[in-house]
């Protein structure tokens, strides 16, 4: 279990994906230690660090070199990374060279979501799982529509978390921004 | 209609109560222009400025002199305040001298919530309304329990708002902290 | 102030729009008693009954005859309706014959949202306001995009309400479904 | 990964704890297959079925015989239960006879929360974890206060989930009731 505050952060790289969201993604992924994971848009490595502990291998992609650097730093910090490959490239390019995917997480895609989902679909093993996290309303609609088009039966869950600060005078709840988790399973 | 961003703010005074919360409080208060309102813990004047536009008279109390100053500044800014009396004192003291209350809003009470609710109850006209806003979990329980003890039949509503930032690449939702609104009506 | 539970309901007509949402819509509309309101998709009349109390005139449109019937019933129940015209038609048709709109609420639009927003825009007085409520994720995106195209600067607020049931053993919170409120003002 | 809808349910027994909440509890528990878990108030077995797959042993307690029956049925359904002991008794009694606890989940406690937390504290191994789920506002405050009194440094997270129903005309979000997860770790 990794604490949000233990991650090394940078102003220029979003993340890490918050604890509750990581928990739900892990649960929905149903990852096994024989499985290969791709993390598209790895940011600060929040998702990568989780799967590195549980999967056979993780390939983490980000278009931003600083994100790749941050992910490496966090892997190092948590003493992880032996089974992780980092690729600095657009997901829509990098995925072309990746085969044998059991679980694909899409945490960032810029304007490439549809291409990325198509590529993932073409590389995904049967019973493979796709999980997209969305902070933009538009991404939710786009992910659902593209997954339906690709013949999946997608689920969507919107998560609103607030965390308590235990003060002397009482417990004050502070909200995190809402995140949608779109997930689908290959038949 | 007042915009959140149009209020003058200060680091040392909480507020203003956000737009959606002000809207719900106004609605629940069912204020008429013949009615007297008390705003206990007026902060930056978010609630006071709303009722000043709609009630006969508003008495606004805050224990913090800076809050009284801020409320005055915001009343001035919105060209309001002719029907507002500002009192810098503990609500549990100031209320002793106030009679004929139709609507009491409690936006801050420190450790005095129970005393404040007792005093309000003793000064509240029949069909009068009490509305407490709570950011602390403890305040919710305390307000409900005290109002039940005072023979009210309180309602509680928890409000989670997120607001969209319309970006080029899409709409991103940003959360405000959850607020509870506890309300009750004198028989 | 109308209580949700006081509305007459029907299995075949959605609504009424819940109390907190009505409150926020009223607040954002900034309605004056000299203004004309259109309620497109009036359902059971939740919105219509509110504006009937505050506007000069309300025109309420629904494509479903049962909705028109329900709205009439609720207007009757709350002793309202003298300033309300009910029209049973598709909003995209009915709006063609309506002029001089100060406030337009769109609570339902089927597949006609873009047409309806275009028509409203062409009939809306300067400083007029448009408010769309959305329960579908897709409607949020569509409303924002269309309003931007029509040269508005839309706001979006997502509202998550839970209401407490005060039980003997404590207060249990029950959620209402999330609603988005998209609003815009004509320059 | 268990689907909410795959659990056998009964009108008289609350549960199962929903997927996202189970996911967060599992994550926060950081359970290892060498560890012993107690599930106080096991209801329909939502939590028990999860830990049965991951812990060394699970002791599940419920005061309601029907809950014990339901938990047994769900264990059977998911082909689990070899490492589970079911006890039909008040948690405040049953815990007296249980030793060597690594993880304690409290999903129901009636009026016994303080006693139950005291007992758990006295049986909890060092580095052990306590997780309380609360649907009542009062339980949140009580759990936090008791855990502070027992020298823990509790966290509280409030979880609001809505799930999408993918309809032809779009994605409609339906809310689940808010749940608080209070967690603490023994030093």
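The first chain written gets the first letter, and so on, giving A, B, C and D; residue counts start at 1 in each chain.
The criterion applied here is as follows: a contact is a pair of C-beta atoms (placed from the backbone, for glycine too) under 8 Å apart; a residue touches a chain by one contact, two chains touch by 3 or more.
By chain, UniProt protein names: A, B, C, D = Probable cobalt-precorrin-6B C(15)-methyltransferase (decarboxylating).
These numbers come from a predicted model, not from an experiment.
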Looking at Cα centroids only, farthest away from chain D lies chain C
More Cb-Cb contact pairs, comparing A-D against A-B, go to A-D
Could you give the separation in Å between the centres of chain A and chain D, each centre being the mean of its C-alpha atoms? 27
Chain B to chain D: how many Å between their CA centres? 38
Per the C-alpha means, the centres of chain A and chain B lie apart by a whole-Å value of 41
Do you know which chain D residues sit against two or more other chains? 137-138, 140-141, 144, 156, 158, 160, 162, 164, 171, 173, 178
So what shape is it, when you link every pair of chains that touch: line, ring, star, complete or other? complete
Which chain B residues qualify as touching chain C in the complex? 1, 19-20, 22-24, 26-28, 30, 140-141, 144, 148, 153-164, 166, 171, 173
For the chain B and chain A complex, residues of the former touching the latter: 110-111, 135-139, 160, 162, 164, 167, 169-178
If you look only at chain C, which of its residues touch chain A in the complex? 137-138, 140-141, 144, 156, 158, 160, 178
